[in-house]
Each structure stands twice: as C-alpha cells, then as structure tokens.
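What follows is a set of structures to go through.
In what comes next, chain A is part of two complexes: it sits with chain B in the first one and with chain C in the second one.
Presenting the complex of A and B:
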C-alpha cells in the first residue's frame, strides 16, 4: 500500500500487526503519513482502525512490526513518552476538574512555568471557542462542549501527531457537521499532523486530505479521497465508499463482454472480472430523446423506481435480463420525463467503468 | 413532566415517609434527648435525681481523659488501616481483576457472615500464648519462648477491628472507583502522567468521598466498640465504650454513662470533622 510517500514522513509503520489470542486484529500494516496532513482512516466497526490508532498512540502495543515517529522508533514506548495525543470517542475528561484544570493537566505534569500554562490553556480554549468556560466543571457542559474540551486538552500539548478516535460519533448530525468544520479550521490554524478514525464515510471525506480505507485488519486502499472514490481498487472499497453498480463479465484478448450485454475494450488478463460504475456517472434518457451520444455505453430497460430526493432524483432501471442499474443525480427539471414502468436508456462514458478486484 | 405538585401528592409523600420518621424519632431522637437531660442529673441513694449539674462531665475528663484519647487513637488507627487496605483491595478489584472484580467484592462481603464474636475469639486463639501464631514462631525457631505480648493491647484490638470492618470500608471506595472510567486513565497516560501520577491526580481525587465514608464508618464503629477491647484489650487496648457500659450496667450511674457517651460523640465528630476537611475537597464552582 504505497501511501503517497513523501521523502520525510512524520509517521512510518512497517509490518505493524496486533494479535489477540488467535485473532489478528491488525495485519502487517505498511504506512507513511506525510507531515502536516489530515488523514482519515475509514472502515467498518471491527476492522482494526481503532487498534491501529491506539498502537500509534502507545495505548496498545503491537505484536509485530515497528512504528517510527519523526525518525524515532517509538514501537514500545508508553503513551506518556510519545509525541502524540489522543481525543477519545467518549472524551475521558477528568470529572473532578474544571475545564481549565483539564486542559492544563498535561502541561502541569510537564512542569511548565505557570505563565506559559496560562497562556497556552487560554489559546487552546480560544481555538475550540470555549474561552469564558475556564472555571466550569466539565460535567455541566453539553456533549459538544465536552468534546471540544477534550480536543483542547490534547491540542494544548502541541503533539507532533494528534490522534482522533471517532471523537464526533456521539454527537448529533448538526453538531457533528459544525465540529467537522471547526476541526478543519483548527488543523489549518494549529498545524501539525492529524489522524482521524471514523466509520462514517461522509465524515472521512469531509475531513481528510488523505483517506485510508481499512477492512479486516488490512489497508484496502490509501490515497487522496477523490482518487479512492473514483478509482476504488477492490470490491470492498467500491462498495463501502459510496454507492456502486457492479457488473460481471469475461475478458479475452483485452475485450470485455459484460453479462448485461455490452462490450468494451480494457486491457488485462483473460478471465472473469468485475467492473464498477458510480450511480452518478450514468445518465438517463427517455425513450424518444434520441438516446446516448456516440462513444457512450448504453443499455435499455424499464424504470423500476424513481425517487424524488428534492434537488435530484434517483432511479433504478431494470434491464431485460433482470439486472438492475442505479442512476443518481438526475436533475430535477428532468424528473417529469420519467415515470415508473416506462422504458428508458442509461448511458455512461466507457472511462467511468473501473475494474475492481474481488 | 412533574408540573406543580398538588396537595394530595404532598400528603401522600408525607404519609409514605411517616413510618420512617416515626421510627427515627421514637428510637433515636427521643432517647438521645432523654439521655442528654439525664447527663445533668445526679444519683442519690441509688435513685436518679433531677438536677442541673456538670459533675458527670467533670468526672469524664478527670477519670477517663486518657481512655478517651486512647479510644480516639485506636479508632483512628483502625480507620486509617481500613481505608488503606480497603483502597488497595477496591483498586485491585476495579483495575486489576478484570471481570472478576465484582466476585472479589462479593467475597469481601461474605466474610461478614462469620459474625463478629467469632472473629474476636479467632484472634484470641491466634494471638494467645498457646495460640496459633506462637506455635508458628516457636516451630520456625524465630522465638524460643511463646510471646505473651501479642494479646491484650492496642495492636490486638486494632487487628480484630480491621478484620471485621474492612468490608465496610471496601464498599464505598469500590463504589466510587467504578465511576473512574478506563478512558480517563488512558487519557492521563496519554497526556504524560506516570502510573503514580495517574493514581494521585486522577483516581484518588475522584474517590475522596468514598475514602471519607470508609474512614467515617470504620472510625465511628471502632471508637464506639466495647466488646473487642473487653476480650482483646487491656492497657493501651482499653476503650471508653467498656467504661460507659459499666457505668450503665453494674454501677447504675446513668448520668456518668450519659455524659461519657456525649463526650465520646463530640470527640468523634470533632475527629471526623478534621479528617473530613482533609479528605473532601470542594468542587470547582
């Protein structure tokens, strides 16, 4: 998995794995995280993403491999000796302390001078927009405020890498979106490298400038979010990241015959294969409008279902062989031209079809 | 949801609470008041005579001053040992025993079924000159002669009281340790705290009231006890409860017994107040 390797990554994982009893929760991870990046690690629950984050932070030790931060081997260092700080899913604030005491905790352990602690704490609280809350007990704050205190408590340490373990998943949608925006702004203001773990696809895309998709303890794909979305390498990534149509077919001598009855040229080894098509890459044509332009692939079928989603509509087209194609992003001005039961044609450019490994 | 309470609801609440208040008033408040009044009376010709005399209180300090101090020391030491051992046990049950934590607590509670006199006699059997401990000391060659200093002193009383009171100290501490979640501890390490710093700055401060409750329960019980010192005490192991019991039962000197009881109560509350000021920190406002 070649993470867009830079010459001088802040974090490098080599062959990192974690085994519990007979189960490999994380397997043989190779990863390099560029300095200053905001990386989202996305995967279904139980895929090992939190374990991976905990190993970077030192809260869980790997059973194989090595971890290097800024050129220093930290594989077996305890968390208190690592230049990382973590924001936990259930914040873990110290209930017996005020907001200020929580945020100052790490600095006072590090025996920083009083004036420096005061300055940095108030800067951190300003950054998360909680100035004025210094003396509140943390259990009288709302969920979003508590999570912001946890963020300030970690940020104030100026970690080389800030680790965020699904910190927003306990918040409701509106607050979550507001916090995502804030996190992006904080990353820009505070700098540093952020690694954000989430099972929420939209959140991963909204936040990261780099995306890592994990499944069953492995990295399935890593790269800029747009690339991962447009060119998923595996069936899992295509399916987990966004919606997708899948077509099976056979290739011989670079020519592919798809089961839905269309042919296209795509070099590769002979044999059976799968292609993916994003629903919004396809366009829908009503029966009498002339059909697709040249150079586009097209199939005809019956409209099984058309759902008006407001700005756009969404359609399921049933082909004669019983295959179904999902088409998204149909402009609202065109919705009236289609009705369930009518025949229509779906078309897309050949390049929109991506071969995915099973 | 609740809205304004209607009078009938308030009446019902009062009715529900009435039996408890009645029991409390009849069995606790009224006898205390009577005893307080009696503590100013005198005994003349073996009969209680109403009076407004402080003679009984003067006698407490003249005659029993050193026993009172000794009682506070025994109670305080017992309570400190209970809090210390109780914290260790509760800590182990909460943070080291994994899913067996609750089972450990159950075991601690089960030891209460042994009863209280049984424990006293058990310690008498262990600590006496022909007892278990001396047998071991002689058999192992650590001592040529049986030691007669094991029993009838402060140490013996404290050991037996701790044995009995430890479960009562464990419970409130364990209850509060359960509120300290694992994430807080991970967060403390993540922010640079060593194990010891995590203990002192994150775990202990969050079970202050539990520690104080453990101290208060064991101290009040130990300071008021009169059975354990009677069987295992003597000398430094004597406690004022023994003498209070004697004033009431064999000497029929109720004013003296009552005055001693109130002095004991005042002294105990004073100790608790001082310890409480140390244990319980005010919340951030």
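Presenting the complex of A and C:
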C-alpha cells in the first residue's frame, strides 16, 4: 500500500449497513479499497460478507450509508449501471447458451461492434485457458470449467472492480488450489481490483494482498494478511485466523500478572486483560536441556499430548494450575526428546504476546 | 401365485377401461357410420355427417365463436398466469404456496358455482353484457391458475442466480427476462397456452351461463342434442376430441410433463 493508493481508493464505503426486518446483517461499514489490490474478505458464514459484496455490486441495496466507486456515488445505482462484475458461488451460467454466448452476453447487451466482441471473448477465454471450448454448451462442462466460464464472463467486461463470492467453494481441494493459482496470475495479467469473499482462512491468505476479517456484520480488522495474523486486535480475529493460546491476567501500572504465573511489562490501562500467543511462536525444551535463554518467557508443565504430523510435531503442555498451552512446529528431529507424561518447559519471546480485545 | 384373484382383477380393470373409453369409441365410430340412427348394426362407412356439418352455417358460426374465445383465453391466461408465477417465485415457499392455492380456487370449486357467481357479478355488479367477452373472462378464471401452476413448476428448477448474473452483466430487468428467463421457459409457456386452449374449447357450463346468445361448439352440440339425435353431433365431438387431445398431447410433450 503506497500513499497514493490510500489517498485515491477505487472503492469507498461510508457507514454502509443492511437491515432485514429487525436484524442488522451488515453494520456501519467504513472501508477504502486501494486501486489494483486483491482484497480477501474472510468471515464465518452468516457474518454479512456476501451481503456486503452484493451491496458493492448493486444486487442488494444498503439501508444506510453510501458507496462510491472511482469517485462516483453508486449507492442506489442498479447493478447493470455499475462498473463492477460478479463471479457467483453457484456460477449462474446461462444454461441455454454456449460458452461463447455466455462470455459475449454483457458485451452484446452493451452493443459493442461484432469484431470487438469476438476479440475480447477469445482473449478472455484464453486468459482462463478455455480457448477451444467456444461452442460447447455450458452444461457439458466440468465444475471447474463452468467456474472459469463465469470468471471469463465477468472479466471480459473489464470491470473496475471484480467481485468474487466464494467462487471456488464448490470445487474439490486440488481444483481449488489450481484455481487459486490461476486467479493470482489472472489478477497480475488482467489488472484491476479484485474483492474475494471466502470463509476459508487458507484461501484468504493464499489470494489476498489485503485481508478484511468480518464478524456479525462488522469489520473486525483490516490490513495486510501477515499483520492481521501476527497482531490480531480482537479475540475473534485471533481465534478465527489460525490457532491461538489465550491467557488472562491483570495489569497495574503497566505490569501484567498472568494467571499462568508469569509477569511481563506492557503499557496500557489497569484492569483485567487477555493476551494471545500463536502456537508456533513457542518453543519446547526438555527438562535438563538448560531451559529458555535470557529474555524469553518460560513456563514448566507436563506433556499432555504430542502428535507427530510428519514434517512437524504438535504438543499440548499442561501447566500445574491446569492451564494448557499448545505448541506447534516442533522440528521432527526433536520429537524423540519428548514423550507424553514427561515434564518440559515452553518458552517464547515477550514480543510474541499480543493483547487482544475481548 | 393367485390365478383366480389375478384373473378377477384383470376383468375388473378391463371393464373399467372399456367403460371409460367406450363412449369415446362410440362417438368416433358412429361419426363415420352411414345410418341415421345411433344403433347397431353399423350400416357402412360414410363421411356424410361431416359433409352435413361443414355445410351448416350454424356449425361454422359456433366454430368461429369457439376460436374467438379459446385463442384470446389461451393468450391472456398465458400472460397473466406467467406474471403470477414469476411474482410468486420471488416469494418464499411459505408465502407462495398459500397464494398459489388461493388463486387455484376457481378450478377446485364446482363450475356451476363459478358460473352462477360470474353471471351475478357481470350483470348485477359490473354491468358487463353477456357475450363472448364475458365467456373469455370466465375461461380466464379456469385457465390462468393452470398456467401459473405449470410455469411455477418450471421456475422451481430455474437458476435464479443466472438472472442476477444477467443484471450484473448489464441487463435491465426486462432484458434479463427476455434473454435469460424466456428462452428457458418458452416450451413451458407454449405447453401451458395449448392446455388453456384445449380447456377453453370444450368448456360448457361457464360458457352457456355467460354467452348470452349464440353458440360455441360445446353449446352447439348441447343444443342439437336437445332437438335431434343427429349423428353429425358425433362428427363435432370427434373433431373436438382430435383438437383437444392433439393440443394437450403437444402441450404435455413441450412441458415435459412426467406423470
């Protein structure tokens, strides 16, 4: 994200909300999407992410707030007048048309000259690697091919923003991973701004250069995926994005006493709080190997469970007070040093602990 | 296993089928019989009754009236029935099922009740003169719910996301209907129109209550029955049979109705 990108976003939402009856499905969204970015919107099902996407595309109207695309207010513009195109989860192909007719649909409606339509359709089909399939009826294609027709049908319109509503969720794992790679390549080749909605955490990280985490109709956190992972602001984000250990404690005068029996300094208001630790940020030391180096926080406990996952192992350490700590990414060469029932020490750098809002 | 039971069962079924199809067969057979009496033995093959029929001005007047009612009925019922079905598919099942049932009441209650109600409505309340227009109105009551049911059934398997995709790609609501919905439900619409046509063509009770003066084919047959047992009635009945079975068969094929 450079300065000009944030100064001149392609999409700006201000106070956008959507209410159905008494339920606010989307609440007061403030959002600016940089030009040319690939943004993933991640959240559990029912969090309002699809509704948000539909409001950007004009398929659902907001009940509050305003939406601006490229400086133009589109809040109440019908979908056919917006510079956006959508790839739907269940693709919505026109079953009575061939692949070519499907992809040419939008351009024909826009009354583009025949030669331009032919050129752009064949370019779009090349981009999704479906050249040669022009005259196939769409119901004779595989699921992955159908989804690629849907992608070509939207891309051929050269939308300012391409909206992707869980387009890969109906595909099997291998195909999904292949399509993720293709999508990244297409974003680089075709340019433009992509917004991708998913409930799959791995997919959101694999695709987006920006990540927005939503829950209960609100944006919980937005930023580069790495930042969101390393410094989640809320308990929800920490828990939904990856695995996390949570510790409760009390702070007074910038000194924190955690219930698991360790102390550290972290400025902030007095009172009870919660800290998060990613399982892979911790290291496990066998009893008698010298323990953690200076400057690291450490706790001792009994190994409750150790699971060999192949390249790495995974351990649950039970502390004396009954607290549990999950440690991930134990190198395979060290697995033999630990066995369930033995005592061991877990250690981590102070900076790996992140305060999260409840 | 149970030969006696099986044989009895076979006899009962055969008699039922004969009883149901017998009148149709009699009508068709005697329309081609040369004798003036509808009684056995058959006296020989003849097209005289058809010649007599086709040279009758009354028959042609009734035939024209029948078309003048059945064609507009089929077209109007298809338009309003389709609009009804499209509107209902936007609602949840909880809302659309009771609405569709309510709209289908005219085909579930006795036609006599509908006919009496219609006459009272036309004459006492709306001051609509009885005549072919009034008959079309009555036939719409019967055929429009049928079209709505046929089109609703087709829309149940219609991909609604495709409509959103069309809008998203630049189509107005009308263009989305014209280019996406219509091509996919066209067969169902033609089938529904033919069914409506067939029902209107042989409808009798509502017709005779609301037509005022003049005849359609069905009231013409009834009139002739009262005055004479002229076998040309059989010729009309056979014609009606061919037209209604023909259009219904085409309709069922086009709507891919399976049971």
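In the analysis below, the second predicted complex is superposed on the first by the 353 of 358 C-alpha atoms of A that agree within 3 Å, B and C clash if a C-alpha of one lies under 4 Å from a C-alpha of the other, contacts with A are read in each partner's own complex, and residues count from 1 in each chain.
Keep in mind that, in the parts below, a contact is a pair of C-beta atoms (placed from the backbone, for glycine too) under 8 Å apart; a residue touches a chain by one contact, two chains touch by 3 or more.
Note that the structure is predicted; figures quoted are calculated from it, not measured.
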* Sharing chain A, do chain B and chain C clash or fit in the superposition? -> clash
* Asked: Where does A:57 make contact in the superposed view: on chain B (first), on chain C (second), on both, or on neither?
  -> both
* Quick one: classify A:137 as touching chain B (first), chain C (second), both or neither. => first
* Asked: Who does A:90 touch here: chain B (first), chain C (second), both, or neither?
  -> both
* Asked: Taking the superposition as given, does A:110 touch the first partner, chain B, the second, chain C, both, or neither?
  -> both
* Which superposed partner A:98 touches (first chain B, second chain C, both, neither) -> first
* To do: Please work out whether A:80 is in contact with chain B alone, chain C alone, both, or neither, and reply first, second, both or neither.
  => both
* Residues of chain A that lie at the interface with chain B and also at the interface with chain C -> 57-59, 78-80, 84-86, 88, 90-96, 105-106, 109-110, 150, 153-154, 157
* To do: Under the touch definition given earlier, write down the residues of chain A that touch chain C in their complex.
  => 57-59, 78-80, 84-86, 88, 90-96, 105-106, 109-110, 150, 153-154, 157
* Structure fact -> chain A contacts chain B in the complex at 57-59, 78-80, 84-86, 88, 90-98, 101, 105-106, 109-110, 135-137, 150, 153-154, 157
* To do: Spell out the residues on chain C that touch chain A in their complex, using ranges where they run on.
  => 159, 161-172, 175, 179-180, 183-184
* Which residues of chain B touch chain A in their complex? -> 179, 181, 183-184, 186-194, 197, 201-202, 205-206, 283-285
